[in-house]
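After this come two complexes, each holding chain A, first together with chain B and then together with chain C.
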Partner chain A sequence: MNAATLAGLTGAAIVGLGLYGLITHPQPLRKILAFNLIGSGVFLLFGIIARRGAASGFAADPVPQAMVITGIVVAFAASALAIALVLRLFDETGRVTLRPEAWMKPPGNGADSE
Partner chain B sequence: MILTAAAFSPTAGRFLLVLAIILPVAGILLSLVLGGRYAERIALGLMPLGFGVAAAIAVLLWRSGKPLVYILGGFTPPLGIALRADGFSAVMLVTAALVIPAAGFFARANFATPVGAAEARAPPTFWILLQAIWAALNIVFLGGDLFNLYVALELLTFAAVPLVCLDGRPETLAAALRYLLFALFGSVFYLLGVALLYGTFGTLDIILLAARIHASPAVWMAAGLMTAGLLAKTALFPLHLWLPPAHANAPAAASAVLSGLVVKASFFLIVRLWFDVLPGLPNAIPGTILATLGSAAILFGSVLALRQERLKLLIAYSTVAQIGYLFLMFPLASGTHPWAAEAWSGGLMQTLSHAFAKAAMFLAAGLIGESLGHDRIAGLSGIGRAMPVTIFALGLGGLSLMGMPPSGGFSAKWVLLKASVEAGQWLWAVVMLAGGLLAGGYIYQALAPAFTNAGVALKTPPQRSREAIALALALCAVLLGFAPQSFFAFLQIGRPAAMAALP
Partner chain C sequence: MSVLQALDIGLAALVLALAVWTIFAREVFAAVVGYVAYGLLLSIVWVRLFAVDVALTEAAIGSGVTGVLLIGAAARLREAREAEAAEHPSEPQRFWAMVLCALVTLALAAVVLLLPDPAPTLAPQASQHLAETGLGNPVTAVLIAYRAFDTMLEKVVLVLAIVGVWSLAPDRFWGGAPGEPRAVHPEPTLAFLAQILAPLGILVGIHIFWAGADGPGGAFQGGAILAAMWMIVMMAKLGEAPPVRALWLRLALVAGPAVFLAAGVAGIGVASGFFAYPAGFAKPLILFIEAFMTLTIAVTLPMLVAGPPRRAPRR
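Our next item is the complex of A and B:
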């Protein structure tokens, strides 16, 4: 087993762990962290692909590296948006859950946006 | 390789493809620079131009009969990125260019910033996000590179999610968060598939990939991951849980765009993936799996729609069911069978007619909600007399969903039905008929109270112009039912199987 294979397997394992977390954890914050974990696994995989230089016979293929940078920016923006929603939900309801029953029971405080 | 060279030679009218993307983006930047007060005027001012560009692309494509191509920066793939418009892209561009302006002009009443009034946060956000959705949709419809399409999908998600929670009520925030989590799951799986494809073939251009693809474990894995991710974004059963709360709680104009167009973007990519990138794979089994999920969505979504007490939720669950129909084309439309072209047209027709019908129904439901102050179906008694035009629009949209002639929904389902019978795959035909009956049930349930004789007190009568917009969209769905044979030929432009059959 060479280094590339080991890193590839690690990436796959990270994706698996993240997916497990995304499905099993009910709390939105943990789901967001799990999404970032999956993302890290995918980026690691891109790194390995760049190392193998599958396309062009370069020592290291720059295209996957460019894709990883774009991917990181997108994942960062996604996490920021998700965290903003979580914070806003906490401000409005005092708790963070995706189950509406939790805060639908006491008739809503109906706080409006602005 | 001559084929590939031809596929990457820039065609006449190629700048229109760039313009279709740049126009809404320019609108967003202008709105940010000039400030929220101008956002509405900029968005509405650019909409006719955007429609003109989409229509011009369709006309050029019609004349040339070959896909339009633009090579970004003159760098040919695999190094560069190509924009391509085929028949499916063109009809989706035109549909978006009709539905988004309709939603925009409809939303003027809700998101205006009157002169002298203080600037609120929601209106500029709405206008900027609406243009962002348009830009992202156009990139999805024109993109020729799988990674570029990933970025487009993410842009679409980031524009669509905040629209859901524009009014800031807690239930809309939770709906938006749930939508975002499903969408992120979808995009990261799509990205993983893209990584595997790049690692195997060293290119992500759709045409180059299609020429190199062969069945191997990595390709099957990539196809499975990308499809699963896109299914989560399309809200196909059993990944539909996010859709009803998100679409039912958004403002009416946003619901129309989300339900009519945004879920179609990821469906569009599934079609691209299986028919343009992977036609070389033996796809009978994946096609059957997709159609089985689609059948489950039709039955499950329709039954749940029957049980809803709120009009907007009923319409949202009907979206879950109607999305199911889209996936019935997969086991039928691949290969060069005589029925493949029919199934292809049927699937595309369903995409278009559902976009118009559902947008019309959400706008009509929004008008009813605003006029009554609620949208409980039990409380709609007598509304047919008070708001006849709105109810007519709702009914015409419903007609198309049921698949009653004459309507686009009828043509779509009739062609799909014919294809499934010709292919000897009877099961899909049975599901389609059952789905039609169930749709009749839930549309009847929504409309029956409206035609009772009870008096009804409207809080505010609906504006004529907004009723007219909902009706115009519903009429578009009906008019699709009269589409001539040449329209079906247009849909085939750029479809690989159809192109291979040409001399």
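Our next item is the complex of A and C:
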């Protein structure tokens, strides 16, 4: 097995791990972390496709590489926005739960952080 | 088994172990630290895939800047109450989630092992027209010439993210500055580190932007390193984030996409079409666009990490 296939299989495992974290973790920050993990796994799958596309004297196909570079930057921008939303929620209410019932209490009872 | 193969397997095992740690660690903070280490090791995997440009981006943005963002958030959320027991999924739910994720992984692994041979590739086309762009790095050619429209729109995504983050500011802080103010007596160790590292880092960042025309590097990687240097100065409290109503800041945030779009539109008049570059003048134009993109990235990333304004503007 060569380095590219190994990296592709690693990417496949990372996507599965990230998906599991995204589904099972209740905290939003852990979900953002898991989502980033899924993203980097998908990027690794692009990596094996780039490496297998080596031709014309290039060690890897430049098109998937360029897409991964833009992908990393967009993933960062999305994470920054998601984290800003979580922090604002925490500043307003003192809690960061995603459970819908937690927000259905009468107003004035919402900021029950302690 | 050769030494390199053994190293590859060891590297893959380490990356996987850190991914497992990131998902299963008990504490949020421990998970975030695991994720930063994971990103750094992942960039070595990218080197092994002969994608040095991606490795630089992953190390600088995927691991470095994202790491600062996540660590800052984890520190601020430390007082948040741990999730209530009711929020944790039940045992059967977790079991079925695990089955689903295992199936996804198996399907992806099958795809990896069954990829077509010979592999489809755009490398010949990328190589064929490389001379016309005057560039030596095919990845930069894809980013700024062949798929220029995508890259320009991606810069617009950064501007939209900034607008989104800033619009989360409470009304009373609107127009003010995000992050911590400059300290009168900065912490000496951090200040020393920032004073030593920042000047060198700025040189490295500009070099990587410039070298990206012919070798690994470019606007994204160089800009990210410059951004990291500004973040180090802000973290050491030797400097502070500017108020979001500052005109120069807003101009710097849109300079990259604006210059890029203007060059693209100018292509209709002076070259063969939208986002076409005039023959023989492509490389200087590409470097000109990249210079403004580097500036925009260097300013956007720290402002995204700094978050919405947290202090009332000075009158």
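By our rule, the second predicted complex is superposed on the first by the 97 of 114 C-alpha atoms of A that agree within 3 Å, B and C clash if a C-alpha of one lies under 4 Å from a C-alpha of the other, contacts with A are read in each partner's own complex, and residues count from 1 in each chain.
FYI, a contact is a pair of C-beta atoms (placed from the backbone, for glycine too) under 8 Å apart; a residue touches a chain by one contact, two chains touch by 3 or more.
The shown structure was predicted, so the numbers you read here are calculated from the model rather than taken from an experiment.
In the superposed model, A:Ser40 lies in contact with chain C only, and not with chain B.
Comparing chain C and chain B on the residues of chain A they touch gives the larger count to C.
In the superposition on chain A, A:Lys31 contacts chain B only, with no contact to chain C. Of the two partner chains placed by the overlay, chain B and chain C both lie in contact with A:Val86.
Within the superposed three-chain model, A:Ile49 lies in touch with chain B and with chain C [touch as defined at top].
Looking at the shared chain after the overlay, A:Gly16 reaches chain C, while chain B stays out of its contact range. Within the superposed three-chain model, A:Val74 lies in touch with chain B and with chain C [touch as defined at top].
15, 32, 45, 48-49, 52, 54-56, 61, 63, 70, 74-75, 77-78, 81, 85-86, 88, 97-98, 113 are the residues of chain A that lie in the contact sets of both chain B and chain C, per the superposition on chain A. Those residues of chain B whose C-beta lies close enough to touch chain A in the complex are 78, 120-122, 147, 150-151, 154, 157-158, 161-162, 165, 167-171, 173-174, 176-178, 180-181, 184-185, 187-188, 191-192, 194-196, 198-203, 245. By the touch rule above, chain A contacts chain C in their complex via residues 3-21, 23-27, 29-30, 32-34, 36-37, 40, 43-45, 47-63, 65-66, 68-70, 72-81, 83-88, 90, 94-99, 102, 113.
Remark: chain C residues 4-5, 8-9, 12, 15-16, 19-20, 22-23, 28, 31-32, 35, 38-39, 42, 45-46, 48-51, 53-54, 57-58, 61-62, 65-66, 69-70, 73-74, 76-77, 79-81, 83-84, 86-89, 93-94, 97-98, 100-102, 104-106, 108-109, 111-113, 115, 119-124, 126-128, 138-139, 141-143, 146-147, 150-151, 154, 157-158, 160-161, 164-165, 168, 218, 220, 297, 301, 304-305, 307-308 touch chain A in the complex. On the side of chain A, the complex with chain B involves touching residues 15, 22, 28, 31-32, 35, 38-39, 41-42, 45-46, 48-49, 52, 54-56, 61, 63-64, 67, 70-71, 74-75, 77-78, 81-82, 85-86, 88-89, 92-93, 97-98, 100, 103-104, 108, 110, 112-114.
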